[in-house]
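In what comes next, chain A is part of two complexes: it sits with chain B in the first one and with chain C in the second one.
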Partner chain A sequence: MPKCTIDGKEVEFTAGENLIKVAARAGVEIPVFCYHPGLSVVAQCRMCYVEVEKMPKLQTACSTMAGEGMVVKTNSENVIKGRAGTMEFLLLNHPLDCPICDKSGECDLQNNSFGYGNATMRHSEERRTFVDVDMGPVIEKNMNRCIHCTRCIRFGDEIAGIHEMVAVQRGNNIDITTIDGKQLQTEYAGNYSDICPTGSLTLKDFRFRKRAWMLKKTASVCEGCSKGCNIEVQHEGNVVYRCVPIENQQINKFWMCDEGRFNYRYTQDPTRVLEPMKRDAGELIKASWDSAMESFRAEISASKVSFLVGTDLTLEEMATIKEFAGLSKITVEHFGTQGVESTAQDGPQDTILKMKSKTSNLNGAEKLGIPAYSGKSSTDTVIVFRGGRAVLPAIKAKKVIGVGVFLAADTAGLSLVLPGFSFTEKDGTVINHMGIEQKLRRAVLPGGRCKAFSEVLMLAMNKKALAGAVS
Partner chain B sequence: MSEVKASEGSLFIQHFFKDSNRALSYYLEKMNGYQAAKRVLTELTPDQVIDEVKKANLRGRGGAGFPTGMKWSFIPKQSEKPKYLVCNADESEPGTCKDRQIMRYTPHLLIEGLVIGSYAIGCKHAYIYIRGEYVREAKLLDEAIQEAYAKGYLGQGIMGSKFDLDITVHRGAGAYICGEETGLLNSLEGKRGEPRVKPPFPATSGAFSCPTAVNNVESLANIPFIMRMSGESFAKMGKIDKSGGTRLISLSGHVKKPGVYEVMAGGMTLRQIIQDLGGGMLGDKRLKAVIPGGSSAPILTADEIDVIYDVEPLQKIGTMMGSAAIMVIHEDTDLVKLLLRITKFYAHESCGQCTPCREGCHWMESLLHKMIKGEAKMQDLDLLVEVAQNIGGKTLCALGDAAAGPVISFVKKFRPEFEAYIKGQKKYA
Partner chain C sequence: MLAQRKTGFLNRLYLIEIIQGLLITIRNFFFHKKVTLKFPEERREYSSRFRGQHYIKAVNEIENCTACMLCPTVCPAECIHIEAGEREDKEKYPVKFEIDVLRCCFCGMCEEACPKDAIKLSNIYEMSQEHRSVYSKDFLMEQRGNKS
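What follows is the complex of A and B.
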């Protein structure tokens, strides 16, 4: 493999790799704004200056490919001066509003200013200001904070496949905005905020809710569809504040869709059922677990029962339910997305990430040999195990019992509801449409009195059997 | 416009400044029109053409002075994609007005140059990108192209050969930055006129991501002369190494006879040009300074003008020949105001994509405003130079250098004028 030298360290590289990537392997960080590994290289921000031997001018590391024998310095006096110059230019018109800016704490501009900028300011002229357009329900725009890196424009053009962000005007007056000031159309708008290196594009959903540095981060998998995008659930004090994509080159690269990003909201919906509920005289009334399980056990032993598992369950949950059903000769079928009953019917919903199956584990259900709900087997009672996202089919039965995550609106046809854990509240495995097994991680604990499916099934065994199992 | 004063061996100037000269009939009868193209298309291989142009020492006439033959040789011989020849007729460097004369009075010279150049690099569709303000010139070019089509000098099987060529005139919308070749190509493709990152260079990925050569109007208009007289003879016309042929000079400012002139490359000093061609200083005032190569060229003092007017000699004294636009400045000129005007131009024309140019040019403009209004402090003058140094050599394209060069050179050579404003000895009138 060819080699080059970065700050005295010899590093191997493959042809076509730029100096930012090669330097990172040598443990040398090069500050960037406009460069993003998932987008085209434009070399506009002029932050990633490096000095390359035999080249008279400073070079931008993003647009300079490593070459055999190249000698690169990233901390020479020239480089330090060049970067400080760029930082000074970028801050000429940037408001000093970090204390009230949501990006603060995870802001490239803030970090690079601290690392490479000057502590004083030589500019005393008036700053340029803009009137902002409404960008729609996802993104809040603050053009005064923009540093014109054009990542958003390139994301729209190259990833989201929609030319909606543009630069208008020129020079000092350049404005990064939507065409004709329209609202954003893409269903991937949340990424605009992720890639924005300043607080210019922030998430309306997250704004003013939590300082970035207070968030705890748990790597997990999105349950929004069968793609299995890798995400980080960011939470604090048992509350999830947002989900952001994390890099997985095989699956979602750097991105996620808005549907998946905001999917977590239902887990904190005020109408979510967090206590066992029993229907009495047409009304669902709070019940104790003891009395709820009494009814559950009665139902299982007295009537003909079948199980329906959502394809939003983890592999472990499905396996446990299936095993339990096998012991009691109960049929198990799966449900998830209307019209997508098998992986054969699944497929891309768009050209970016979204899949037709709107649950995370259809592939897992099939691997466990659980058939799709046919509606043919006539049983008196159907027990539905649901992770929270699978869409309930029309069920023909005298009674339907729900176990798992339900909002008040989902409970109309249920005679009994036993609350369970949502995807941010449990560990487990899901298999995406490509057959890749990935782990969900518990980020927060559920409120109320939720129980895992395994615990519910344990309690469902009659007391004698249970005693036997325990002893 | 000045009267025609053709010196011996001049190529263009004797045909300028007379409307009837632009007709195809004039070009055919008086200028041996399209004979060079015919010989090239029927007798020479593309490589022979490129070799001839290389021998001619034809430097690009747009500003950078890159040898045209060399540029053409970078176009890959084997390519699955179509190749393009684009004529840069954006002529946007302040002070420059030479290409305009070519398009006005000898449009067929440019068309023949495009035919030969296209043949040399294997292009089937050439573009002329003309600045938006040249309304009349665009119309004249269109008419000349129609004439050429009608007589079989363009189109299918040109002059009985197997070579086909179409030419499209594309009008810009009046942006300085679209004279930068990659900004031009973006604009040609219908995108924002913003320079591209290089590499890839246009020779490998230019217009529509295809191999492209971008040449200035004057460079292309010289091609028929080269093919007629041979590259060697053309090279010999130049009085200095590495520069062949003649140079069209746009002489403006405080001279008695401003206008477009033609000199043998490297054949005159700056002083001779001002005295002999320009007729000396306007109102016989004292010379104060000269901007020798368009507004982006660092300024020269009156003591520095005994320099051969060509690429290398000017480079040696820290300025540049650029597009050969000479601006002569007499003693009564306020250089602070002049610098503000120049800086304002570059701040206005900055495309805004890269940081130093977008932010820095406007900052320099603000600082100069402050000085002129008497609100600046002495340290602002050093700050101005430091800002310019942070722009120069740091930007994506050459516009940053173009904006920084004048600031640095003006302050270095005429510092007392700036200090006078700051000290309040001089007030904005």
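What follows is the complex of A and C.
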């Protein structure tokens, strides 16, 4: 393998790698704004200056490919001066909005200014100001803060597959906006906020809700579809504030769709059922776990029962339910997305990330040998185990009991609801459409009086009410 | 065993010491400046840097605070609770600004961290109350003890 020297360290590289990647392997960090590993290289921000021996001027590390025997300095006097000069230029028009800006705390401009910029400013002229266009329901725009890195334009072109953001005018008057000031069309708009190195494009959903540094971060997996995008659940004080994608080159690279990004909302929906509920004279009424389990036990032992598990459950939960059902000879079937009953019917919904199956673990249910819900088996009672995202099919049965996560709107046909954990509240394993096993991690504690499926099933067995089950 | 000090008869009477002590007391009582004050009629002058009751500085009845959350971040007692919001004349302002004053240790770090000169500690030190007090935003906005 060819070798080059970065800050005195010899590093191997493969042909075509740029200096930022090679330097990162040598443990040298080069500050960047416009460069993003998932996007094309434009070398616009001029922040990644390095000095290459035998080259007369400073080079941008993002657009300079490593070469055999290249000697690169990232810390020479020239480079430090160059970076500070670039920072001064970028900050000419940047407002001192940090106390207001949602990006502060995770802002590249803040970090690099602190790390490589000058503490003082020679500029005393008035800063330019813009009137911002409405960018739709996901993104809030603030052009005053923009440093024209054009990451957003390139993201639209190259990843989201829609050319909707453009740079109009030039020089001091440059305005990064949508074509004709339209709203954003893409279903991947949340990524604009992630890749923006300043607070120019921020999430409306997250606007002023929490400062970035206060959030605790738990790496987990999105349950929005069978793609299994890697996400970070960001939460504080038992409240989830947002989900952001984390890099996984095999699955989602750096991105995620808006559907998955805002999927966490239902877990904090005020109408979510958080107490055991019993139907009494047509109305669902709060009950104690004791009395709810009493009727659950009575139902499960008296009448002919079948189980219906959502494909949004984790492997562990499905296996527990299946084992329980096997002991008492109950049939188990799965449900998830209408029209997608097996992995064979699953497939990409668009050319980017979205899959047709809108639950995370269809593959896992199939691997456990659970068949899809056919509606043919006629039982008196159907017990539905749901993780919150699976769409309930039309069930033909006298009684339907729901265990798991239900919003008030989902409980119409249910005679008994036992609250369970949502995907941010439990640990577990899911298998995505490619067969990759990934772990969900508990980020927050479940509210109300929710219980895990395993606990519900244990309570059901404890009173020996179930014929044929182990005591 | 402790060594017993051998003392004379006069010394053992302690009369001289008692008289000496009384003289000090009499001198301090009648001829020295008093260190105590007749509070609340008389009040002590504190340094202008004394850290007392909090207030949020307002200009033209608009609070300086932009709910940047630096004070709850820096607060070692974790006694400041802020909720941010948006209104027409101000992009970001605190909808809720509460200081749990019983938890506060009056270290003044919030004042030091504030980029907007909004949260301040005044010279007011009479803060005793009969109930657990949490200063609300309205209370803090009253400019009680505003120094400037």
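Everything that follows uses one rule, which is that the second predicted complex is superposed on the first by the 462 of 471 C-alpha atoms of A that agree within 3 Å, B and C clash if a C-alpha of one lies under 4 Å from a C-alpha of the other, contacts with A are read in each partner's own complex, and residues count from 1 in each chain.
Basically, contacts are C-beta pairs under 8 Å (C-beta built on N, C-alpha and C of every residue); 3 or more make two chains touch, one makes a residue touch a chain.
What you see is a predicted model; the values in this text were computed from it and never measured.
Novice: With chain A superposed, do chain B and chain C clash or fit?
Specialist: fit
Novice: Is A:112 touching anything from chain B or chain C once the two structures are fitted on A? First, second, both or neither.
Specialist: So A:112 meets neither chain B nor chain C here.
Novice: Considering only touches as defined above, state whether A:432 meets chain B (first), chain C (second), both or neither.
Specialist: neither
Novice: Angle at chain A, chain B to chain C, CA centres, as a multiple of 10°?
Specialist: 100
Novice: Classify the contacts of A:74 with the two partner chains as first (chain B alone), second (chain C alone), both, or neither.
Specialist: In the superposed model, A:74 contacts neither chain B nor chain C.
Novice: Which of the two partners, first being chain B and second being chain C, lies in contact with A:98: first, second, both, or neither?
Specialist: Touch status of A:98: second partner only.
Novice: Please indicate which partner A:311 is in contact with in the superposed arrangement: first for chain B, second for chain C, both, or neither.
Specialist: In the superposition, A:311 touches no partner, neither chain B nor chain C.
Novice: By the touch definition at the top of the document, which applies to A:202: first (chain B), second (chain C), both, or neither?
Specialist: Once the two structures are laid over each other on A, A:202 reaches no partner at all.
Novice: Under the stated touch criterion, which partner chain does A:252 make contact with: chain B (first), chain C (second), both, or neither?
Specialist: In the superposition, A:252 contacts neither chain B nor chain C.
Novice: Thinking of the overlay built on chain A, is A:213 touched by chain B (first), by chain C (second), by both, or by neither?
Specialist: After superposing on A, A:213 lies in contact with chain C but is clear of chain B.
Novice: Should A:360 be classified as contacting the first partner (chain B), the second (chain C), both, or neither?
Specialist: In the superposed model, A:360 contacts neither chain B nor chain C.
Novice: Which value, in Å, gives the least CA distance between chain B and chain C in the superposed three-chain arrangement?
Specialist: After superposing on chain A, chain B and chain C come no closer than 27 Å at C-alpha.
Novice: Both chain B and chain C contact which residues of chain A?
Specialist: Of chain A, no residue contacts chain B in one complex and chain C in the other.
Novice: Can you list the chain C residues touching chain A in their complex?
Specialist: Result: residues 66-70, 73, 84-86, 91-92, 115-116 of chain C touch chain A.
Novice: So in the complex, the part of chain B that touches chain A is made up of which residues?
Specialist: Where chain B meets chain A, its residues are 175, 192, 197, 199, 347-363, 366, 370, 383, 390, 393-396.
Novice: Can you check the complex and tell me which residues of chain A touch chain C?
Specialist: Touching chain C from chain A are residues 98-100, 104, 207-209, 211, 213-214.
Novice: Going by the contact rule at the top, pick out the chain A residues touching chain B in the complex.
Specialist: Checking each residue of chain A against chain B gives 41-47, 49, 57-58, 63, 82, 85-86, 88-90, 92-93, 122-123, 125, 147-148, 150, 167, 169-174.
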